[in-house]
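Working notes for the structure below.
The first chain written gets the first letter, and so on, giving A, B, C, D and E; residue counts start at 1 in each chain.
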Amino acid sequence: GSTASSGKKGSLVVAGVIAITGTSSFEGSNQSEGVLPALYEINHAGGVLGHQLVYKGVDTRGDPADALPAVQQLLATTSNLVAVAGPGTASAPTIVPVLNSAKIPMTAVAGESAYDQSHYQYFWRLFPPDSANGTAMALWAQRKHYTRVAAVFGSDAGSQGDLPGVLASLQAMHIQVVANISLTPDQSSYQSSVSQLIQAHPDVIMTESDAGTAGTFFGELKSLGGLVPIIGTEATYTTPWLTAVQNAIGPTDFHQYFTSLITAPSKPTAAVTAWNDAVKGAAHQLPVSVNSAENNPFAITYYDGIITLALAMVAAKSTTPSVYNNYIPKVADPGPGKTVVYNFAQGVKALNAGKQIEYFGATGLIDFNKYHNSFGNQEAVTLSASGKTVSLGQVSVAAIEAVPVKGVA
Amino acid sequence: MTERATPHLVATGLSAGYSQVPVVRGVSLQVGLGEIVVVVGPNGAGKSTLVKAVTGELELLQGRISLESRDITGLGEDDRMARGMGYVPQLRDVFPTLTVMENLEMGGYRLAKREVPQRVEAVLETFPALKGLRRRLARSMSGGEQKMLGIARALMADPKFLILDEPTANLAPQVATHVLKDIVAQLALSGRAVLLIEQRVALALEIASWGYVLTDGQLRLDRSAKDLLAMSDLGTLFLGMSEAGATSLHHH
Amino acid sequence: MEGGSDVGAWSFYITTLLVYFVVDALSAFSLNLQFGYAGVVNFGFIVFQAAGAYVAAVVTLGPSGGQASFQQYILGSHLPFPLELLAATLAGAVLSLVVGLFALRRMRRDYQAAVLLIVSLIALQVVSADVPLFNGSNGLTGVTWPFGQLFGATATGSPFLYLGYAAIIGLLVCLGVIWLSRSPWGRSLRAMRDHEDAASAMGLNITSLRLQVFVLGGAIAGLSGGLLVEYIGAWSPGAWGYAETFVIFTAIFVGGVGNYRGVLVGTLLVPIIFLEIPRFLPAVGYPGLTDSLEWVVVGLAWMLCLLFRPRGIIPERRLKASLHGSPREPAPAEGSA
Amino acid sequence: MLAQLLGSAADGIVVAAILAVAAMGFTLQFSLTNVLNLSFGSVMTIGAFTAYLVNVAGLSPWLGLALGTVAGALATVLLGRGVLRLYARRRTQLFEMMMVTLGMSLVIDYGIQAISQNAIYGYTVLQGSPIRMGPIAVTPIQVGIIGIALVLLVAVEAALHLTKLGKALRATAVEPSLARSCGIKTSRVVLVTWLVSGGLCGLAGVVYIISTQSVDYTTGELFLPLIIAAAILGGVGSLRGAVVASLVMGLVTEIVAGFGGAAYSTVAGFAILVVVLLLHPGAVFGGAEDRQLVL
Amino acid sequence: MSGPMALGAVDPQVVPTPGAPVLEARDVAVGYGGVRAVDGVSLAVYPGEVVGIIGPNGAGKSSFLGALGGQVKRSRGHILLGSRDISQLPPHERARLGLVRTFQTTSEFARMTVFENLVTAAEGDSGASLKAVILHPRRTHLREQELSERAFGIMERFEMTHTADLYGRELSGGQRRLVEIMRCLVRHPQVLLLDEPMVGVAPHLTGKLIDDLRGIAADGLGILVVEHALEVVRRLCDRVVVMAFGKVIAAGEFEEVVADPQVQAAYLS
């Protein structure tokens, strides 16, 4: 549909610095599923201070060496760049300093614990660090009284991030790891790994890997009769993974066995409704179906990040990055006397009315600490046979922080 | 040139070379049925290049070639062979990774299946040395054995027009003589056409009916073999020989 | 707008490309020496660059914090300039010695290529899987450049200085390579490439020559890796997939095998222009479509180059004998009459 | 322990069968045309996607198997005739041709990525429930794949060494010009090479995704190094060699994986090649160095 | 006759004592799987002497030369260069000790010019090593000049100067053969092994070659030549060895050997 106002002022660019091709190309898909709906919502509400926002993908190819010129090219050629979504895991170490010194605010998704205590002024992360997700999984296993865990993780960079957190948390909770299996991506068969797993007699599998690998692995696991409950990381709760594994073991078994721990909204809120609307509005631009985008935790996080940044621009009455950057916590963090808003339009309205606002996101409460990190409760979910997200329960931030995880700083 | 046989192959104004640069320039020659035609000349004169132009391995830059009065200028190597040409190259004359038998079968590629065993036996009869080596890979044979195989391979198809580029290289003297005096001469007697390149000039001219002298890519002489053999100054004039060399040409 | 387009952003971008150009030129020169001169088809080239990069990184990062820190690695220390580059060079050389000892055995050249390709894959998998070695698939971060204390901690913070620094090193090494390949030693390499039996029958020790050129090339690769990692500050398996070797090979082919001017042109064209220009293409279709199509364009450009310039843009030149220190002019070509 | 070994060995044979089909196609193509075809994996992907589309269209998976094979053959002929030959006419050399095939694989792979929207598609057909014999568990289709590999080995090997056309293929591979001067129509002979090796390639793509149960644009590309390794280990041009090498590599990878080294299983497979080189340097030496392209 | 700069630094051990052979083969045998190509050949070449080997195709002549040069594996026997046993040495070390050879199938360097083909022939000497090139640039330069003088001299003699800048792969069959031989002449070997050096060479050049080979033999070098052209053998060789079925069946002066009935039967019938 056409947007409310167009072309009155020049458009502004939100760049997605992410792997779009190469082995980590799923990152790019996750990102566009979140950023595009956010932009749709913002533009539909009249844009930011009269400017329309447009998305521009910048391909890092999952390689720090490729990412650097890509970002510099972006900076050189894009005079109307106001924000960056990303960078992702592999390229963050190279790119974060560059963007920071170019004074471009970024909503990063790099889970590395190196950024748990980031001092970069323009770095903002709405994601839990990798270790938090792992701790939540361990806590969930404890709650379910599982005692024999098998860890099955892909050996690729994208899939290894959560593993240390998982192992350290299980150790802290004295839960036995009976098998720690690493899967080299894209083999023709994982039969040997499957039989190794079966012989370890686990009562639960904790897992993350790329979608293709997971499909093959769990398909073979099922055909050899070894299915047990599966707890996936946040990254498994994305369409390619879900589809691949669902295809491989069938929707009924999938629903019965699979749980994933994801960053979660505390309850169905107005923000979630706004998110769903935004996805529907942007549907024709998305590489995946509405349903799968709606349930993609990465996408939701990106969405929240962009909405927050846009609100900060409105609050600062400026699209100048170095100016609005300081307003980012001001429009998100909770505080006394603040008006809670659940979407961009509400926020603009409140700000224009001279109020202070707190954007309560589709992922829930946003509260940046001094390291520009914010993450919320984690939720255990599964997919119903009809493809709807079903919540199974919550793991609170407090519980996660209470686990004395050693070795994962 | 009234005494020459009816031409089988006629090449007129041939120019050919490598990377568009002509090596052989404006050469015309003919080979008739029942004739052995020899091309002689110093190293690098362009003899092999000329032959490759005739077989079609090299594209012509200029000129026309006809076989049995039909123009074959535009035909590829394989089509020319299908019209009864046979060729023993100077280098790379066998399939090294194939056995002797397989090499011979390839030589008889265009023969009917039942004819092949017969021809193999006939050809091996002319080169008894190969008889015991049927299953040997060509690349594991001695230089001379490979040359024999190369010739035998070309004989398989019983070509009407045979081109031999230094067929006696690497051959022991009596085998060389056998090739020239028995095999080649016999072919001509039975009405085939033969185009021969040889460095054993005297021996070649002895069996040949016609000879061409090629130097520096151009034809210098076009005479009957007898006339050429009689020219005492042939060597010194056209082959760049010293007196001593010239005598050796005659008493080889 | 501070973040927007200005001279600074453009010059940083171009500077980065130029730094990459230096690194790629080093790689291409070394690969050309190995392939164009010695006929060794080193499809594992990028591994030796990676070795240099990793070693340069760990010897400057300081002792590893072990499992407790966010990255683990071996050999952690604080070596000052130029020791860290020497270490990188040495790493490339030592690794190529080890690999060369089995991969350079007498075998068909295309087999050898494939064996080295496989070495490249093995190395990538081992480094990805073995976290204590070089922090596994997450790779190493936080690498600084040697003159950080003087000019600002990261190389990207003072890119022009870094470019100058890299260019001087690159120039010296490249000139050295050119000089060596024109020397009698370089000629021996070509003889070996063309006919091993004949070369050894003339007294050339084929095994040793091949190992020499492999190790020398590996050393230069290591050096280039060191220069690269100090600039981008991070290194991970994502940066050295085997496809990267092909990019350099293509640069050589596009420019002209065996001709260093051609190689330079190819280096400018392929890794820089081929791989950068598509970034300027306008976005079409669903997100990601442009990026896929970029690679299609790269592939096509690649193929067209090879089609229209099969010998490269500047093909190998014949070394005319008269230019070769001979006091005599070669006689003009004449017939032998 | 023994049970694990037996189980892994059975898995290894299954993997080997898939690898063998691909490696036979590769080794055939390589030895007969002298092109080290780095787009072989991409053609596998084409075959795989064809089978997937047949499945989506609701047709029999066996038809998918057949059409995947045909698609591989056609794609190979098209590339060989349409593209590689252009280069051969311009006297492109062996290694430059390898670069050309690499460019080709970029175009195909990323073309497929663009068309397939970079998604992974499930392909769960012909699975069936496993047949169990103690620690060994194989599905019927896996047995089928092993059968297919063996039949192909015997058939192609016989064709190559016993038929006139087979011999002509080998002759053309070593001395194309001499072959023409024997009257062999080399361009027709090469066409057969493309067809057969391309068919094997397409078939390999399909059996590969039957095993992995999913297909995306990287399917073939990721499998290619293993194929090349198997082809070399077996001695290029030897079908028997390719099959034996596939068997060795399949067994090694699966046994290593079965005993806990899954992360290193492929490495172990490749390492075999290295070990063979070290122990027996002459093993993979053979054939002339100065081969010409045959296209 | 060594120039201002010795190209082949000769191991003192290799210099034969007066009256002793410069090359000696003792009971050398070569087998290929089932085929016994060379079956116990013993033979000595003295300084200043040209020895010819003749014999039917497949007699084992090239295999014997291969065993001497190190290209083919011996199954038994010893090879002595001067007083040194070189049986275990790899080909390049034999070459450095002064044993130089040509091949029956020409072995020109295809992507190097004829000129480069020639100068490279001297490269096996340590003068071209990486170390020498880096450490002694001046010496290397002088050596290059000296080499190119020699190369042009030799090319002129064999009317190949006009091909100096042609690549090996652009030569005609006979020209390749000439390059093969000229490469040997660039060096100052102790022993020269020639495998059918005259094949495809135009007749007038064979005369020159014979003169040249006799000339360098006179300088004290030993030459062993395999040749089928009897006329050449007669004019070139001091002594002839006849091989058949891997064995030596006769040896002696040319005229007496060709008159030998056994030789007649095996070779000349």
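In this section, a contact is a pair of C-beta atoms (placed from the backbone, for glycine too) under 8 Å apart; a residue touches a chain by one contact, two chains touch by 3 or more.
Please read these numbers as outputs of a predicted model, since none were measured by experiment.
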> What's the fewest number of moves from chain B to chain D, given that each move must go to a chain touching the current one?
Replying inline: 1
> Which chain is most remote from chain C in terms of Cα centres?
Replying inline: B
> More C-beta pairs touching across which pair, A-D or A-C?
Replying inline: A-C
> Which integer distance in Å separates the CA centroid of chain C from that of chain D?
Replying inline: 30
> Roughly how far is chain B from chain C, going centre to centre by Cα mean, in whole Å?
Replying inline: 51
> In whole angstrom, how far does the Cα centroid of chain A sit from the Cα centroid of chain B?
Replying inline: 77
>> Multi-chain contacts only, two chains or more: what residues does chain A have there?
In response: 21, 23, 25, 28-29, 155, 182, 184, 287
> If you look at chain E, which of its residues touch at least two other chains?
Replying inline: 110, 159
> Going by the touch rule set out above, which residues of chain C reach two or more other chains?
Replying inline: 125, 129, 286, 288, 292, 294-295, 336
> Tell me, which parts of chain B touch chain E in their complex?
Replying inline: 18, 41-49, 90-91, 129, 140-145, 147-148, 165-166, 169-176, 199, 201, 235, 239-242, 244-246, 248-249, 251-252
>> Per the contact definition, I'd like the list of chain E residues that touch chain C in the complex.
In response: 69, 71, 90-93, 95-96, 100-101, 103, 107-113, 115-116, 119-125, 127-130, 133-134, 140-141, 143-145, 148-149, 151-152, 156, 159, 161-162, 164-165, 167-168, 183, 187
>> Per the contact definition, I'd like the list of chain C residues that touch chain E in the complex.
In response: 180, 183-185, 187-188, 190-191, 193-195, 197-206, 212, 316, 318-321, 324-328, 330-334, 336
> Considering the complex alone, what residue numbers of chain C touch chain D?
Replying inline: 35, 41, 102-103, 105-111, 113-115, 117-119, 121-122, 125-126, 129, 246, 249-250, 253, 286, 288-289, 292-296, 298-300, 302-303, 306-307, 310
>> Give the list of chain A residues in touch with chain D in this complex.
In response: 21, 23, 25, 28-29, 155, 181-193, 195-196, 199, 211-212, 215-216, 219, 223-225, 240, 243-244, 246-248, 287-288
